[in-house]
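Chain IDs A, B, C and D follow the sequence of writing; residue 1 opens each chain.
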Amino acid sequence: MTMAIERTTIKVKKGARPNSPILIVGLPGIGNVGKLVAEHLRKELKAERIATLYSPHFPHQALMLKNGSVRLVSNRFYLAKSPKKGGSDIIILTGDTQAVSPEGQYEVNSRIVEFFAKRLKGSFIYTVGGYNLGEPIVKEPRVFGNATSGKVIKGFKSTNVIFGKSRGVIWGSAGLIIAFAKMKGLDGLCIMGEVGPFDIDASAAKAVITTLSKKLGLEIHTQNLDKMIEQTAKLVRELEKQAGMPAPLESGTEAGSKEHRPSYIR
Amino acid sequence: MTMAIERTTIKVKKGARPNSPILIVGLPGIGNVGKLVAEHLRKELKAERIATLYSPHFPHQALMLKNGSVRLVSNRFYLAKSPKKGGSDIIILTGDTQAVSPEGQYEVNSRIVEFFAKRLKGSFIYTVGGYNLGEPIVKEPRVFGNATSGKVIKGFKSTNVIFGKSRGVIWGSAGLIIAFAKMKGLDGLCIMGEVGPFDIDASAAKAVITTLSKKLGLEIHTQNLDKMIEQTAKLVRELEKQAGMPAPLESGTEAGSKEHRPSYIR
Amino acid sequence: MTMAIERTTIKVKKGARPNSPILIVGLPGIGNVGKLVAEHLRKELKAERIATLYSPHFPHQALMLKNGSVRLVSNRFYLAKSPKKGGSDIIILTGDTQAVSPEGQYEVNSRIVEFFAKRLKGSFIYTVGGYNLGEPIVKEPRVFGNATSGKVIKGFKSTNVIFGKSRGVIWGSAGLIIAFAKMKGLDGLCIMGEVGPFDIDASAAKAVITTLSKKLGLEIHTQNLDKMIEQTAKLVRELEKQAGMPAPLESGTEAGSKEHRPSYIR
Amino acid sequence: MTMAIERTTIKVKKGARPNSPILIVGLPGIGNVGKLVAEHLRKELKAERIATLYSPHFPHQALMLKNGSVRLVSNRFYLAKSPKKGGSDIIILTGDTQAVSPEGQYEVNSRIVEFFAKRLKGSFIYTVGGYNLGEPIVKEPRVFGNATSGKVIKGFKSTNVIFGKSRGVIWGSAGLIIAFAKMKGLDGLCIMGEVGPFDIDASAAKAVITTLSKKLGLEIHTQNLDKMIEQTAKLVRELEKQAGMPAPLESGTEAGSKEHRPSYIR
């Protein structure tokens, strides 16, 4: 075991055999959109953990748990079986953190794509992130997309996903996983909710979930996101009363996500 | 030899054969609690060095010694034989520093757990740290714990260790060693003294030592800690006389410990 | 594929067989001179991509493309066949970024030199950069050179390249590739346009292109560079109207190029 | 060749066979004392280069040379044959830089010790550094020492080297090489000139050279150091005329030496 912890390792539960799965990746990043979406889907779809990824490129942290125990930071794969017989299962990848160095990012994300393609026999990957256009207030967050190919873009014609209008770079897992998928001949989409200046942007997360649910034919409740959205809206109204507050609003975010928060999305 | 220095290496003294030992890990970190506790126990228990760990992930430093000599920074294992025949020996791990990168932390701490489990045949690990709740003054430091399992938590029922009230992340050896122990099937506890804003918090160290001594049935004198506590108290009284001093107090701390001082504990 | 992404890799198109080529390297750096020159030559010479270099030492970024797709950051080799039969072909190396760590720089740049010498059978390398003498305004940018040997310097006698007047260090690809070329017995020249305080200095790029075209007997149009130069000149005139503006001018530069912008050139 | 550049490599000139040599290491660091001493001895003793060390852990820099050429940053071994037949030769190690990461420092310095012990069959190593006690003006710089053993300290009884009064850590080559020498069973001394607040402290360098020359029975002229000392003294007198100048004086130093200037010495 111990030596394994010194390398990026995926521990798989026995008997996990998803049926032609799609993968949805949501990790800490801009607006925490990816993580919010993934955790929400995981709960709503009652997905069960099938694999855990550990890496020495993650921050050197253990998490204190509510039950008084402790666990290493990780990324985790959850399986939601399709309600239709023979339908595509959904794998959700989420976790506490991303790798902290470029080399670590390349290693961890290439392992994720390889594991999904070779072991889980999957062929389509969504990565979820936030996209920040610098607007101080985003009333109706738009949904942007960057895909592995024109063929994939065509498949999203009848959706609200906007292609070709996002510019710049996608840092971290949201970008690398789609780029690696493309290089490996998989299809994939980086789907991004438009975020405002908040560290946790439930509104952008809801926009992405709405788009994804329609596309995938899922019924997903969003009440708890609505609560978060209302809390944020209240906060904004209070701030608007106080004139001249210059500093950007920051509410709590995931451990480790700040230190490599980039300019655009992750 | 030389090549060995380029990798994490544990040099073991011949003939070291501890009897079903427990391990107490105390390294530089928040409030320097871990290091204070480990050094205090080492002296009180007259423990003798049995092994030394070197790593290229430690800071590139040599220490100037009082006798005019020099030595490489290291972590060191000390053995205190149990006074009872057949009783569990105590191994104390302390040192000058911790690894400076995440990859180094994963490597060094996984080696420590592996060495303790496989070579020393031990099965229970304490890591000692400080826990900062942000209080400017801590009169009666509490003792918090995070354990490898519910079974271990139950074993501390009759102690003053508080479980399930600490939140966030444990950085460095104090966290990783317990997380790795759990993954390897060992039992362990991260025991944390509540610290104030001081870089060296003898009061928190004394609280942990008191808890540990009772649990382990050790008789430990704490006079030198009491002296340190009194010195700090004097300093606090002086500062309270001077109104409006805003900067946090900082007294000397271990070499290398500052650069990766995290938000919670280590 | 996936494992390959975890190491520096050059993917070569089949059938690429340049004839005794010379290499011109222009990557993001001071004044963006290298990248401007390389991209300009690539378009003017209608060079075609023959190989792509990926590296985990590059920033962990994917680029959002105008067509809604995405691709991994890379360096790319382009081939321009010589118009003369049997003449030396030109290989242009440009890309989105440079490696972010010293170790990565050594690895990527040694691979580039090795690939050019062994696989492409080339023997002369130009690296292009900017050289900043701290002048606030550079009306007529000079062209400085540092070469692999006195023999190479002699070969540039009848040009405007100034040798022996540049001092200090050359960071990154522009420096390492020439140093490695020298160690491997190849000939080469680091050719540097004198830059002002602008992040994108088309004027310095034009000076280098003019020198290179003459030396290589190429006919290169520079209208689009002239437009950029005029835009910058306009900006300078506006700034000169406003008195006392202290901050250095900064216009948009390549992704990733800022974080390791050094004091002299790259 | 190229692959070799991706690892720490020592290139040795053929036929270099020093006679039971001692090694004097002087690299960029505090007060630039090590480098000043080594370069001075190299010139005075007319030492000739016998080996060059390259490392990907050095900064990714090439140096622009006065003759218009370029070379990779390196450390270099120079040999000064003993004037006495059968006497110990002197090897001087100096260079442009030190490794930039802890891992790189461990690797490079362990290679240096190994090369000296195994290939050059040497047995005594001096490392030279500066020691800063925080004094604003140092009229008569003292010479401090930290040695591999008490036996070595005894050997310096009749010199002005002060043992056991220096405290703290020695960063970089000056410390690691002596610590590694000790671990390998070699004898060695880190000899430190007391520095003031100057980046280049010729006065401290002269103090070390004087001590070393006496001990090694060398005749070394120090006129050029005297000139540097006089220049600095003049600067100090000018500064003393101007009241209230608070900032520390900084004159030019070696490329790359600033970024890891530590608190004590190197």
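One rule holds for everything that comes next: a contact is a pair of C-beta atoms (placed from the backbone, for glycine too) under 8 Å apart; a residue touches a chain by one contact, two chains touch by 3 or more.
These numbers were taken from a predicted model, which means no experiment stands behind them.
Colleague: From the C-alpha centres, identify the chain that is farthest from chain C.
Modeller: Of all the other chains, the one whose centre lies farthest from chain C is B.
Colleague: Taking all residue numbers at the chain A to chain B contact, is the shared part over half or under half, that is, same or different?
Modeller: different
Colleague: Can you give the whole-Å distance between the Cα centres of chain B and chain C?
Modeller: So the centroids are 51 Å from each other.
Colleague: Where the centres are mean C-alpha positions, what is the separation of chain A from chain C, in Å?
Modeller: A distance of 36 Å separates the two centres.
Colleague: So which bits of chain A are touching at least two other chains?
Modeller: Where chain A is concerned, no single residue meets two or more other chains.
Colleague: Treating touching as the only link between chains, describe the layout with one word: line, ring, star, complete or other.
Modeller: ring
Colleague: Per the touch rule above, enumerate the chain pairs that touch, sorted by label.
Modeller: The list of touching pairs comes to A-B, A-C, B-D, C-D.
Colleague: Flag every residue of chain B that touches chain D in the complex, lowest number first.
Modeller: 1-3, 5-6, 56-73, 100-101, 104, 255-256
Colleague: In the complex formed with chain A, which residues of chain B make contact?
Modeller: For chain B paired with chain A, touching residues are 99, 102-103, 105-107, 109-111, 113-114, 117, 145-150, 153, 163-164, 166-172, 175-176, 178-180, 182-184, 190.
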